[in-house]
Structure formats: C-alpha cells, structure tokens
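Shared chain: subunit A. Partners: subunit B in the first complex, subunit C in the second.
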Partner chain A sequence: MSIDATREPVIQAIDLEHTYDNGFQALRGIDLTIYKGDYVGLIGQNGSGKTTMIKHFNGLLRPTKGKILINGADATTLTVGKIAKQVGFVFQNPDHQIFCPSVREELEFGPKNCGMSPGEIKDAVEDALESFRITEFAGHPPAILGFGLRRKVSLAAVYSCHPTVFIMDEPTVGLDHRSARELLDIVGELNRNGDTIILITHDMRVICENTKRGIVLRNGKLILDGTTREVMSNIEVLRQTQIRPPQVIELSKELSAPDVAEFPLNVDEFINEFVKTKMVM
Partner chain B sequence: MTLDFYVKRDSWMHRLDPRVKLVLAVVLMVAAMLVRDFWLNLFLLVGMLLMLASAQIPANRFQWVFKLTVPVTIMIVILWPFFYHSGPCFFYVGPLPITLGGIIDGIAMSFRIISLCFACCSLLFATDQAKIVRACVKLGMPYKYGLTLAIALRYLPVFFGIITMVTEAQYARGLDIPKKNILKKLKSYMPILTAMLIAGLRNSDNMSNALETRAFGASVENRTYYSDFSMHSRDWIAIAIIAIGMAVFTYFFVILDVRLPNIFW
Partner chain C sequence: MSTSIENANQDLSDNIIEVKNLTYSYPAYKEGEVAPKIFDNLNLTVKKGEFVSIMGPTGAGKTTLCLALNGIVPHVCGGKFIGDILINGMNTKEVTISEIAKVLGIVFQDPESQLFCMTIADEVAFGMENQGVPTDIMHEKVQKVLKEVGMTGRDDTNPFHLSGGQKQRVAIASILSMEPSILILDEPTSGLDPIGKKEVFSVVDRLKRERNMTILMIEQESERIAEFSDRVILLNNGHIVADGTPREIFANEEGLRECGISTPQVSEIALRYNEANGTNHRFITMDEALDVLKK
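And then the complex of A and B:
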C-alpha cells in the first residue's frame, strides 16, 4: 500500500529491522504506515514478527536499523511512558497487567501515570467503566473476576489513558462467542469514534467481520498490505504463509469465475452474492 | 542469561551418577568455605573452571556467574582491607591501615564467593533436573519435596519470563521507574511485584489442580519411576577420588594449616 497523502499517519515504520541479542533477525526491512482511524488486522504465523513489530510501536523494543515515527516523532526519542499516552497496548494475558485492589483503582493507574488532574482522572475512569460496561464491578477486586471480565478490565485500563491508537494482542482468546462479540463491538465503537485499532489475531473470521485493513507478515517481512477484502481474497499468497481464509471465501472462489479477484468476507455477503442472485435468476 | 542450567552433553561428568555429583557439589562447597589461602582459592576456582571445560560446558553458559558476582566481589575487595591487616601498609584511612595483605586476602575471599557459586552450579550444568530430584529421592528425600524442588527449578525461567511480561505491561501503561530516588524507585516496583505475585499464585493454583487430576498423591508407597539409575564402577572410583582428595586436603590445609609460599612481600 503506497503512502496516502490525504490521511494523517499515526505510526510509520521506515525500513524497520530488528535483530535480537541471540542473532535472530525478527524483522527484515518493514515499511509501513498506519493512518488515523485505521482498523488493522495483523496476521502471520507464530514467529513471523508480529509481536516484535508491535512492540516497536509502543517503544518496548527499539529498532536495530530503520526508524519508527509516532505521530511524526522519532520513537527512540520518547520513553515508553510518554508513548503510552498516545499508543495503548493491551497484552494477551490480562493477568500481566492487573494488580490493584479494585477495578476503579486499576483504571486510575494509567491516567495517574499520564499526569492527568484528579478531575480528569475521575471523568476518564467513569467513561472507561461505562464504555466497557463494567460499572457494576467498579469496587470489585479485578483479580477474582472471571476471565472475560478481566479481559475487559485490562482493555478499559488502557482506554482510560485516552490514547488514540489501541494495539490489542489476541483480545478474543479464551472468550466465548458472546463475550468476544461484546468486546469487538466496543472496539468497533472506538474505531467509529476516530481511534486507530491494530488487532493481532489468528482468528480469520474476526479479521473479516471487523477490520478494514489487513497486513500479513512472514519471516519478518511484510508480504500483504491492503483492504481486508484484498488481503483475504489473495488466497494463494495466504496459503504460502500457512494461513487459511474463512471457508466462505474459499467456497466463493470455487463458485466464481477465474478472473474474479475479490470475494465475500462473511456469510451475509455470500448469500447476497450467490444465493439471492441465483434465486432472482 | 538463561536460567535453564542443564547443558546436554556426553562427557565424563554427565555420565556420573547424579548422587555422586551431589556429593561432589557439597564437597566443593565445603572446600570453598574452608580455604583461606589466596593461592588455594585461586587453584580451586581454576580447577572448577577446568572441570566445567572438560565436561564440555561452553563458556557462554556459565559466564553469567561472573557477571552476577561482580558487584559482591568488588564490594569485598574494597571493604576487606579495612578489617584485615597484614604485610606492607600502603596508606591509612583514619586510624585503619590499608595493607597489601588485606587487599590480597580480599581478592582471595572474592574467589571464594565465585567458587561457591560454581560449586552449586556445576551440578546443575551437568545434570538433568529430573535426575537431581530422583537422586535426592533415592538418598531419602520424600518424593513430594523432590517434586517441589523440580517444579521450582523448572519454573525459574518461566517466572523470569512472567517478570519480563509484567514489567512490559506496566511500562505500556505509562509506569516510569525513577532512577535516582531509591524510595520512589522501590514504590514504583509495587505494580510489577503485585501483578507478578498474583500471576504466580494463579499459576500455583492451576499447577496443583493439574497435578491432582493426574493422580499425584494417589499411591505414595507404590509410586514407580520411568527412568532410574544405579552406581557403576566409574561412580565408585569417582567417590574414592573425592574421598581421598577431601582427606588429603583436610589433613594438610585444615588440620596442619599448611600455607603456600607468600610471594607478594
């Protein structure tokens, strides 16, 4: 995807490389621009460099070559704490973040670190409790809540700092369908309000049903970057990375003419494309 | 630094019975604690390094022991001359003479610290953790304590991984650790320590459930073992060498208190 001059970049990776101390090169020259309002699904096999790359976006890792710009500023000139005000990172395991005696205090932790005033902290926490529908649990110790609620608390705790970019590592893992749907609806609302979302997941249905842009990594290189439809329809390239798109896409490809390049992303689109068309005929 | 100590090789040390290696580790630790002389401390340390080299343990797997002991050894070398005075005096710090003998003895004590660390670690580098536990159980330790030891050793790298993840998670929420004020620095570690403790407790709860669902504790008397070992002639020879070596060492350097020549002054 070439750089879009009409849109505001929030994160830019310029020839990004990262080699770990043991000599393993995890990233091999990534050029990537994330724009304000993007809803990105980041896909790749285990070991493809996804986690290494996103850790550069919030300063937890520094490039061994190349650059990372956060809202135009070189990330190496910013501390992780300063970047946290702009880029929120939700870890895969919520238990790695939770430590406070109540949900309310957990949500206050980030705003306090960000230097918000007491009034701003109160507003931010109330907003986070309401947005993530956990107001009734405000006084509860988060460590003893169920896993789905702990996941919501960890998300809300990052949201309360009011970053404009959210990076989420496998946010739906371990959640039942209803909880996952609820969480993704909230995340979708954040995106509709203008926040930028980067979602790492192995669940292709989540990518197809929620994200607008897909990025695929393999062996530390960026191999696909486009709209979710463009990326998911590129079945041959995805197969080379051992990634399988949802069955509805594979079925659409079999039912479509050879020159068709893009396919329905979900069952509803499939019905509109194939079933209703045939019924009309 | 990796906390997975065991280095898989096929050396003389790897082939020894784990019980013999346990005895060797204890004997080396006792020797390190008894030795005062500078040259003996140096010979003991060099001897242990040569032992590890002959066991094909690569230097990059044990060089962390030196890095870990550097702060302590520097502190000993600096402070020891204030408490032990012998030989020519370089200068005075108040009423306290700083002597060559004090400095040499301080260096000897620092060798002792490093030797003690290597004496413990030599067992772990050349012995699979499961076999260490099996050896302890064969020597009379109740199985559940042996398993506790094995889980503790097994989970050290996991726990350090959790510390890293928790630290990164809290940094990502804007946590800044102050560099200068010690009290503020300690206070700012509380989120990391609390999250780590909760993760550790949750882990131990899950682990105990997992153990019980796999019949742990079902049969204390009739518990069987998949891998077992017995003493061979090479193990008895090693025991004999260790015993003779310890006897000679104790007789000359502890009972008779033989000191090697002082060449420093």
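And then the complex of A and C:
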C-alpha cells in the first residue's frame, strides 16, 4: 500500500529487516505504515515475524537494517521508556505482565513511571478502572482474579498511561465468547475515540468482526495489506499460509461467481447477500 | 478400597464415567469465609467410546470437572466434596490418583505446564516408567504413539524447542503411551496458531476413528466441535444446561447465547435462513450448508 498523504502516520516501517544473533532472519524487508485511528488485525503463523515486528514498534528490538519511525521520529533516537508513553503493548499472557499486590497499584505503576502528577495518576487510574469495568476489584490482588479479569487488568494497566497506540497480542485467547465480546467492545470504543489499535490474533472471526485493516506476514515478509474485507476475501493467498477465513467467507466463495473478489464478513452481511436477495427474486 | 478396584474389572454397565450428585467447593480463600459451590448436585454419565465435547463460559466449572474426574479434586485440592464419581467403576474418593491415572489421562491447555523432560522420547516414556513397564515394551510404545501423533524421527529433540502444536502432540502422546481408556483434553488448542490447531484436531480426529477410547474434549471452537462430537454438553455455573447432539445443541441459539458461547457460523446461517424462508434446516457443517444454499 502506498502512503496516504491525507492521514497521519503513527508507525512506519521502512525496508525493515531483523536478523537475530543466532543468524535467523525474522524480518526480510517490511514496508508498512500504520495510520492514526487504524484498527489493524495482524495475522500470521507462529514464526512468521509478527512478534519480532511489533517489538520494533515499541522499541524492544532495533532494526538490523531499515528504519522504524514512531510519530515521525526515528525509533533509534528514542528510549524504550519514551516510546512506551506513545505505544502500549499488552502481552499475550497477563501473568507475564502483572506483578503488583493490588489492581490499583498495577494501574498506578505506568502513570507513576510516566512522570504524571499525583492528581493525574489518580484520575488516570479511576478512568482505567471504570473503562474496563473493574472498579470493584481495585483493592484485590490480581492473582486471585479469574483469567478474564487478569486480562482486563493487564489491558487497563497499559491504558492508564494513555498511549495513543495499543498493540495487543492475542487478547481473546482463554476468554469465553462473552468475555471476549466485552473486551473487544472496550477496544472498539478506544478506536472510536481515536486510538490506533494493532490486534494480533489467530481468530479470524475476531479479525472480520472487529478490525478495519488486515496485514498478513509470512516468513518475515508482508504478503497482504488491505482492508479487512480485501484481505480476508483473498482465500488463495491465505491458504498458502495455512490460514482459513471464517465459514461465511468460504461459503460465499462457493456461492459466488468466480470473478467476485470481496465477500461478506459476518452472518448479517451473508444473509443480506445470499438469502434476502434470493427471496426478492 | 479393594472393593472399588475389584469392581473396576467387572464393569457391567456401558457407563465408563458416572458423576452422581456432585456438590463441590474449593477451600475458602480466607479463613471464616464460605467458598462458593462450583457444583451443586451435578449428575453426568458418559458411555464407553463416546466423544463428548464440553462447552461453557469461563468459570463454568469445566476444568474443575476434569480435575474431579482424575481425583486431583479432592485428593490434592481438598475442599468440600459430596457425592460420588465412578471412573470405570472405581470411586475416586476411595482410590489413589495413580490408580485413576491408569484409566484416565488429561491433556491440559498449556503444553509447557505438562512437559518437563529433556527429550521427546523421555517425555513420552515418563508415564510408563512410573507404571513399571518393561524397557523393551516402552521403546516400542514410544514409537507407536509418536507415529500416531505425527512426531516420529525427533526422539532426542528438546520438547521446548517445538512449536505449540508440536508440543501439544507430544503431550497427547505421553498420555496415550499409558493406554488410558479415557482421554480428556482441556482446551487443547487454545493459544495455538492455525497450523497448531489443525495438527491437534487432526490427531483428535484420528484417535476418534482408530482407537477405542472415550474422549472428553473441552473446547471453545464450536465449528470443530460440530465436526467431531457425538454429544455436546453445555456447562454454566456448575450446571449442565444442555446435553445433546451437536445438531440439537447448535440449533438452540438462545441457550448458547445465555452461556456466552458462539455458534458455528453455519448454524447461525441456518437459523436466519429458516426465519426468512419458514424452513427447518439445521445444518452444522459447511457441506450441509452448501447443499441447501446452492439450490
């Protein structure tokens, strides 16, 4: 995708390469621009380079070749701490991230380290507790909370620092459908308020039903980048990387003419396209 | 105690698992507090050879049920346990966990929490070593089960160097080597990438077709459940709220919604199609959907 001059880039990867010390080349020249307000679904098999790439977005890794720009600045000129105020990262396993004796302290940690004033910290924490609906658990030790709640705590703890970009690694794994729905509704709200979201997930329905843009990595290269509909409808390329789109897309392909390139992303769209239309006929 | 073990060999009924009036709560977190009941008078029977999938929201009691079936509840966890669980005729309160382990094996969600040996071969052999299986038979069995899960030729590989799907397959092999009659899989593909999920479901499918085992699978992937299961049980707040064939269960959209479970998309399409056309289709797989929709 060429750069859209009407939109504000927040993260840019320019011919990004990364080779680990053991010689493994995880990223082989990635060109990618993430814009303010994007809601991106990042897809790829384990080993495709997803985690390596996003670690460049928060400064945990530095390019071995090429460049990363964060809000226009070369990431190598910024400390990890400085980037953390702009780009928040939520781990796949909340237990790898949570370490404070109470939920409140967990949510306070980031703001304290970002240099917020006591008043600002208090406001940020109350806002985070409320936004993630965990106010009643503020005094609890996170360790005794169920997994879904710990996941919310980890997300709230990143939110409390007010980054404008959120990267979430598999936020719905281990959550039942309802909890996942609740979490994604909150994430959707963040995006509607102007935050940029990068969601890494293997759940294709989550991608189709929530994100606006899809990016697919394979063997360290970017193989698809477009709207969610464009990407998820590209069954052939997805198949090459052993990814199956949701059933509505596979069904739609079987029911459509061969030249159709874009398909319904959810059941509502499918019904409108294939069931209601038939009725009219 | 001996009576229970004797009974185990005289299994007169078809039922290999019987949960009778189970009421259970974990030990209270704080002294003086009363812990909530996880189960309240739960009853469940599973017949030999059945493939049962268990679905339910987080906190429904699915994992606690697994731990009750293999005796960890109550032997290790303690808590208040009322009622009886019979595994192949053995009452879990009256036998040891190791006795139950001869008959029932569990594969958990996180492979890293159950793999701990330096090589794949050691991992798979571990259970058998503890059972006192002779060495030559052990070697044979190791190779046999590794073949079943598609992990041959890497006996000396460190399991921690494997992908998620490969780790889970090794975990499954390590349980299969003990030849349990019952295999429980607790969200075996959660956290795996699409390839890993495919690999694990492929093994599960093979086990279903080729082995004479009773399989209980806890899963959230309703679309896969629709493919494999003879029977689906919905657990919510420690109660069985529905129990039937996949077709019956996935037609009950309201029941599923109440449990916060997502239906397979094709089932949702069936429901909406029926609403629009006044029909009564209950397709649960893509092929079935295409049969109807292509007309």
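Here is the rule we use: the second predicted complex is superposed on the first by the 281 of 281 C-alpha atoms of A that agree within 3 Å, B and C clash if a C-alpha of one lies under 4 Å from a C-alpha of the other, contacts with A are read in each partner's own complex, and residues count from 1 in each chain.
Definition applied: a contact is a pair of C-beta atoms (placed from the backbone, for glycine too) under 8 Å apart; a residue touches a chain by one contact, two chains touch by 3 or more.
Here the structure is a predicted model, which is why all the values come from computation and not from measurement.
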item	value
First, second, both or neither for A:F147, with subunit B first and subunit C second	second
Chain touching more of subunit A, residue-wise (subunit B, subunit C)	C
Partner chain in contact with A:H202 - subunit B first, subunit C second, else both or neither	second
Touching partner for A:Q97 - first (subunit B), second (subunit C), both, neither	first
First (subunit B), second (subunit C), both or neither touched by A:F109	first
Contacts of A:L251 with subunit B and subunit C, given as first, second, both or neither	second
Contacts of A:L190 with subunit B and subunit C, given as first, second, both or neither	neither
Shared subunit A surface residues [contacts with subunit B and with subunit C]	none
Residue ranges of subunit C in contact with subunit A within the complex	29, 56-59, 109, 163-164, 187, 190-198, 220, 223, 260-262, 264-266, 268-269, 272-273, 276-277, 286, 289-290, 293-294
Subunit A to subunit B touching residues, read off their complex	55, 58, 60, 79-81, 84-85, 88-89, 91, 93, 95-100, 109-110, 113-114, 143, 157-158, 161
Subunit B residues touching subunit A - in the complex, by the definition given at the top	162, 165-166, 168-176, 190-192, 194-195, 198-199, 202
Subunit C contact footprint on subunit A (complex, rising order)	45-47, 92, 144, 146-148, 170, 173-179, 181, 202, 205, 242-244, 246-248, 250-251, 254-255, 267, 270-271, 274-276, 279
